[in-house]
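Mind looking over this structure? Questions follow.
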Amino acid sequence: QDFIAGIPRNEALIIQGPAAQNAEWFNLWAPGGGASNNGLQQLTADTFWFINPEGTGDSAWTNALAADRPQYNEDFTQMTVKLKEGIYWSDGVEFTADDVVFTVETQIANPGMGWSAPFTVNVESVEAPDPRTVVFNLNAPNSRFHTLFTVRWNAAWIMPKHVFEGVEDPLAFNNNPPVSLSAYVLHSYDTAGNWVIWKLRDDWERTSIGQELEEAPQVKYVVYRNAGNPDARVIEQMNHNLDVINDIAPEGMFTIARQAGANSAYWFDGFPFAHPDPTLPSVLFNHQVEPFENRDVRWALALLIDIRAVAMGSYRGAANLAALSTPPTGTAIVDYYEPMQQWLTDFELDTGSRSIRPYDPTTADQIAALVRPQWGDDIPDDPDLLKRMFGFGWWKQDIQAATELLQKAGFTKQGNQWMKPDGTPFTIRLMVEGDNIPTLARAGTIIAQQWSMEGIQTTVDVAGPTNGQRLGAGDFEAAIYWTVETWGGHPDLSFFLESYHSDFIKPLGEVQPPRNLQRWQDERLDAIIETNRTVAFDDPKVAELGIEYLQLAVEEMPFIPLMAYNKFAPFDTTYWTGYPSAANPYAASGPFWSNLRYMIVALEANPNAPQS
Amino acid sequence: MSVLLELQSVTKTFSIGGFFDRSKLQAVKGATFALDDTRPEIFTIVGESGSGKTTIARMILGNETPTTGTIRFMGEDVSQLRSRRRRLAFMARVQPIFQNPFEAFNPLTTLDYYLYSTARRFLGVRGAAADEALDKALNHVGLSLAEVKGRYSHELSGGQLQRIAVARALIPGPKLIVADEPVSMVDASLRMSIVNLFRTLRDDLGVSIIYITHDLATAYYISDRVIIMHKGDVIEAGEARAVLDNPQQAYSLALKNAVLPPDPTAARLALERRRSAVSAV
Amino acid sequence: MDGFAKYLVRRFFQFILVVFLGVSLTFLITNLSPVDPVEQTVSLMTNFGATDPRSVELMREALAELYGLQGSFLDQYLSFWGRVVRGDFGPSLSSFPTPVMSLIMGALPWTIGLLTLAVVITWILGNLLGALAGYFRSNLMLKLAGATVMALHPVPAYILGLVLLLIFGYAWPVLPISGGAQMNLQPSLTFDYIRSLILHGTLPAMTLVLAGIGGWFISMRSLVSNIVTDDHVVYAELGGVSSSKIFSQYVARNALLPQVTGLALSLGSVFGGAVITEFLFNYPGMGRLLVQGIYRGDYSLVLGVTTMSIIAVAIAVFVIDLIYPLIDPRVRLG
Amino acid sequence: MFKILRDLLRYNVEFLIGFVLTAGIFLFALAHFFAPYPDTAIYLLPPDMPPSPEYWLGTTSRGQDVLWQMSSAIWNTMTFGLTVTVLSRLLAVTVGMVSGYLGGKWDEALMTVNDTLIALPNIPILLLVYFVMRDQMNWPVLALTAALLGWNHDARLIRSVVLSLRHREFTRHAVFAGMSVPQILIRQHLPYVMPVVFFTAMNNLIWAIGLEVTLSVLGFSDINRPTIGGMIYWANQHQAIIAGIWWWIAFPIIAIVILFLGLFLLAISVNEYIDPRSRLSRMGG
Amino acid sequence: MLAATIDAPTRTRPVLEVENLKAYYQMNYFGVSREVRAVDDVTLTINRNEIYGIAGESSSGKSTLIKTIAGAITPPLRVVSGSVKFDFGGSQLDVYARPKAMKAARWRHLSYIMQGSMNVLNPVRKVRHAFDDFAFRHMGLSPAQFRSRVEGHLKRLGLDPRVLESYPHQLSGGMRQRLTIALATVCEPEFIIADEPTTALDVLVQQDVLALIKDVQQRLGSSVVFVTHDMTVHAAIADRIGIVYAGRLVEEGPTDDAFARPQHPYTAHLISSLPRLGDVSRRKALPGKPPNLSDPPSGCRFHPRCPLAIDRCKVENPPLVSRATGRVACWRAGEVEVA
């Protein structure tokens, strides 16, 4: 019997999907709907542009529905988009500029829809002078308006006007079955929410992705299946019932590598296996809670960390460390990490009694030495390769310097306990999310242990589902989470930096908009942000401003960047080959990224696959 | 003449039955009688099983409320004794004796616990004073505190236990003792010691006793007055000897005839009579 | 009014009171929960996007209005009861605007199917084993079975499930380890679908059975060892009645009566789902729905599921009280 | 008291075995006070070492000694479990006895509360309470909440025992002997209720431990305090079973099974000792 | 049918022979051991077609004695020595030498009415099932025949056959008692053992039940062993009575003789203490308390309460010796005066 009833196993790609609560719902534009991980946005939606988070330079940019890059007017109050021709919805209706206008206008008219808010804030009017052109008139100058339609993970997807125009309340419409604007279309789904199957459109050429292909994609069916808890996922992959895993613990990854090595592929060919996502797990401090407003305290806490233990404890060594406040992935390597090495090495920190150079460019080698006993030949000797695997360097643990910094901040040590200037013991509650992001919880426990051992009693506080809210409301002292996410494939840091402007900082207790959860406020930072707004997206000045920001962040240490978010996403090669990897990073690795579609159409059937 | 206890057309109805068949059962139908305060007596209730004897006893003790009619003890309506203080005052004057002496004492509690508890609650005495009160009460029943102290119910015979129960009931100095079949679970040789004890209580301590039994022989032996119950009705009442020597109702007569004489010849004859009567029906 | 009707009315009133108190309590706790459904949705929508702060605030306002979370606690409480009485729990907040009721109706058949079966099997096996072990005290096989059951009893269900998953999913991969039925098979009364339902239900059901059997076993065994000394059993033995008959008709039958109440309660609590087992095997039942609801701050959903569960258990208690006289001839109502 | 223990040990094999098992686990748990490492410290030892002469029960993927982790975990879990059990027994006994004995309005009110709690689904309520309490949710609060949810079935059982005692003659006799309600309940009825209490205590303990594990597995555990659930949680986070680190989970489970078997044997033999029926035959009924 | 199987020679032999029977309750709870000598060296025989009454005060061991005879022993009761032999025409049964054979004989030849037998019916099954379970397989009849046989039997005993469809709790105590008698006699056994079948019944019902037992016994020609402490009951139906005191048989003889001329002071006391309807003269109660069977008095066990006790009684146990009409165990046998 087939593993999937009626579908040959070797025509289907099986991807780890979520457990859908509401399986009948295919409206991407309802609240939360656009964040689906079940293939709906990944396989059927489309918009103007894509950025490959792993790409560098021009190769990272893809024009999808748009025929060209965005065209702004002089003062960034108008954006014009030219659309490609010959693109059709899966029900045969042609895609035109009217669909785009409809998308924007409908959402503005229906607050609560996914992109209603940003359209309302930005768009004064939108018009389609001809079926292939859309013109956006903006309320205020905005050089980054196009990013609303630029997919890193998701973006504003274009609505099928011919479907939605007959719908009374687009918020209450389940859009089932959805018409597709991309190469795959809904085949069937489980009402119980455990799987959704998409199949290749017969007219796959009439899509933005299909136009670029020379021959038909070999993957005929894409199955998003909820394969259960991490243990079950590992088992299912080893049983060849799950081709793509999104995320498992390092140990699960190692188990697969050990037991199914020949049948699997990873981002790195061997250890550390993981794909570094362009997000930056860090130790966040709440700058509105004393004593974390004090730069010296933050730096002292950073210098108390032995990053090797954190790397071993959280990722068992498979961590891609970051000393800069941007993830060491994609184009950031060439744009920031490599150029800034010298600056980092020379960076001097005043401890109050002396000046030190805290940067240690050899951490990658040290970690390599630590994992070599277990992984042996997997670990190369080439320092450049090691830097790609383990990061460029980090701060050397320096207890003496930390002591001096704390003393400079007015702290005193009684026995093995640091006292705050007001005479009370310095204790920290370090918040972690918990088992949703297990590696970070692990990092939290080990950092807590290091701080505790040096006299700052630290307890780990598992916030679970309330994590996001508590971060937003400033209901924490320190936390392990990320407030930096980047395009990965583009040096522009506005992705997160825009929201760091002091205009948006809220008093404690009120909800802080996403990103600047540490509530870091600095005039120099505001200046960088304001300049960046006036510079075009592709202007080389963007990278210069980025470097300015990164230097400021090192000096201020507003949060302690730890590493890229390393994701263990092993692929089973029994049926499919040609997955993206560090060596061939043509797409991101992981089923939830929308540019996964580029991986799916590129996969090749394994000729040695068992015939069903 | 003041009235000690007075029952006025007391009835008790139970609703019984299962899920589908439900009916009402009149356990007691309009019982009326009174006991005199000045002249202690042994007042006997006889009747077959299920005739309502126990129900009457329970209503007199206030454990059950009459469906209609009233029960007054020294002028007070027994069912109206709500507060704990009034209940205690009532219990000091009315005390029960139960059917099964082995059941009447918790097998896991020492017997003296009941005695001390009674002394403390009703007489308000502890320690030596309590010992004295207990000893006095136990002496009335031919026992002493030394014999009872620290012992468990299984260490004594049924007759002894029943006497201890009586002694305990005597501690508060009650006016009335309600004894529901006090001898039916006690074997023949002990039975007389209890029954004789009741006589002594009446004669020496002036306690009135409501004696419930289906044993006509002992009823005849000790009672002053008797009522005969049949299916909830009081069918005959009066001077004990008069009623039992010369029953008026057919049922009373049958009851009387059912008593087997302790003599083989007569007993066989009685049984033969019964057999022929049954087979004739 | 006749006694039974009076009893029925009083008992019904009590039933209403139980439901009212239980649901109110849950409502109170749920409302004290700090998880804000608006925030949950906002963070879902903004987590990976480059959304600017002004839009986020606008989005937050729009969602709060959409979800209808304005109004005082009392208003919400009253309107909640208004809806409950109409059998409507309002729209789910995490799957807005799908009605909670339709989410529940999606999950309920799975839960009922799996749990009813598992509960009944557990009950039968546990009681049978317990009764046998209590009656044939010296039988070696039964002692062995008893010891196994007892040793399994304290093992957390999660571990049992995980071990089963490893054994039958990996070491000897003969059973599906995840989901409710085979993929791409639409619900129907075909052999394939039913077979696949059974196969997928086997591991979760086995977990539930193994985890639950000990409780019944222990209580049944002790009930039986009390009953075997009852007069009617001793008498039947003296009367030469065969052992099997004594066991089934004299011992087990009497001992089972109190267990029936337990069964009813367990069946009632089926509506709450088996959180851990569903979680482990990805079973699309009420437990999973509930945990998702709690995580996403979906009050409407949590309240819906708990209310259903409370009502079901209360009904089970109510019904068992009413039908008890039918199964135990000794009991009278009133 | 001491004599009873001696008698039980000498004359009852079940008690002896139960005692040895329970005491063994107890001593083992007690040993955590003398542990060579703090119980929350991680990566002090090489991770993933299988059982060996050096690490008898192996080490975890977090570089902890399973032996000492277990020792603390059992201690903490037992503290939690016993707290739940004792609290809920107190509630069950009080409510069950008062309700069964007083009857009437009291009974109805108490049983309505009881039925309400029976109807509340445990796990969801605990999860909700967990959310509401958040950082204030430490183990005593959790124990209290669990105790509040865990007494109701047993209160009904106890109530039925007391109901049957209520109509026994010795109870009526006690009333007329002027005993107060507490006196009757404690002196007269409690000995009959105790076996039920002991028996249900076992199941309650298991339930409490199961609850702790369930919450931990769902990610609600105080990770600063080692418990059995916490060990499973961390093992799970490290995919220990899949990764073949079986000793991380197997040993704690074995310890729990041993502990439970020990407690079970103790409960049945102590029950036999205090059960009114066997006590009577001992005294000579 | 029954008579045909009894061949001539066995007709004269007694149906039951009990020899030197000792049955003790041996208990050991947590180091406290107790031995209750409830049956201590009892020898007796029971003939065909005879009603044998056993009398004695509470806990003197009456029930234990007949439990032992019926082979209904469960721990802690143990038969220490002695034998119990039945002779049912064709089949001989030695209860303790070959216990297996007992099972087949139960209800066929031998039935037993337990003490408190009002409560021996399964509370959750209809009465009908009790007959099916106990008797059906002995009768070799079709279900319908069996049913009509049972109904006929009940009718003959004055019971409405409709009671078969009732549950035990729906019937009164007297009714249930009669049903257990019906149950015990439906197979027409040669030997019936009854333990206090009339205690706790009211006098009218008690008389009915006695009449019933007598009827059945006469019709079937069975032997009945009958226990009660109520002497008037013995007076009414027993052919012979045995008096038990503290686990021992102290006197035995034809009922008339025992009542008219009790030989043992205990027997005499039992008879004289009975009140008679219409007699109000004061009756004496027996002084002292019943002996403790785990630590019985030395010598004659009755001596601490005996008005006639002499020193010899304290040390020497009187043997059960045959007299003209029966047997008695007393050093001063026959010296009592009946009040």
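The first chain written gets the first letter, and so on, giving A, B, C, D and E; residue counts start at 1 in each chain.
Note that in this section a residue touches a chain if its C-beta (ideal position, glycine included) is under 8 Å from a C-beta of that chain, and two chains touch if they have at least 3 such contacts.
The chain list, named the UniProt way, goes like this: B = ABC transporter ATP-binding protein; C = ABC transporter permease; D = Peptide ABC transporter; E = ABC transporter.
Being a predicted model, the structure only gives us computed values, none of them experimental.
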Chain A and chain D share contacts with C
Greatest number of touching C-beta pairs links chains A-C
For the pair chain B and chain C, the C-alpha centroid-to-centroid distance in angstrom is 54
Separation of the C-alpha centres, chain B versus chain D, in whole Å, is 48
Per the C-alpha centroid definition, the whole-Å distance linking chain C and chain E comes out as 56
Multi-chain touching residues of chain E, meaning two or more other chains, are none
Touching at least 2 other chains, the residues of chain B are none
Multi-chain contacts in chain A, i.e. residues touching at least two other chains, fall at 231, 235, 464-466
The chain D residues in contact with chain A across the complex are 40-43, 61-62, 131, 134-135, 219-224, 233, 236-245
Touching chain D in the complex, chain C uses residues 14, 17-19, 21-22, 25-26, 29-30, 32-35, 150-151, 153-159, 162-163, 166, 215, 218, 222, 265, 268-269, 271-272, 275-276, 279, 287, 290-291, 294, 302, 305-306, 309-311, 313-314, 317
In the complex, the residues of chain A that touch chain D are 230-231, 234-235, 248-249, 251-252, 254-255, 309, 312-313, 316, 429, 434-436, 438, 441-442, 445-446, 449, 459-466
Chain C residues touching chain E in their complex are 231-232, 234-236, 238-241, 245, 249-250, 253-254, 257, 328-330
Seen from chain E, its contact residues with chain C in the complex are 70, 72, 74, 103-104, 106-107, 111-112, 114, 116-117, 119-125, 129, 133-134, 167, 169-170
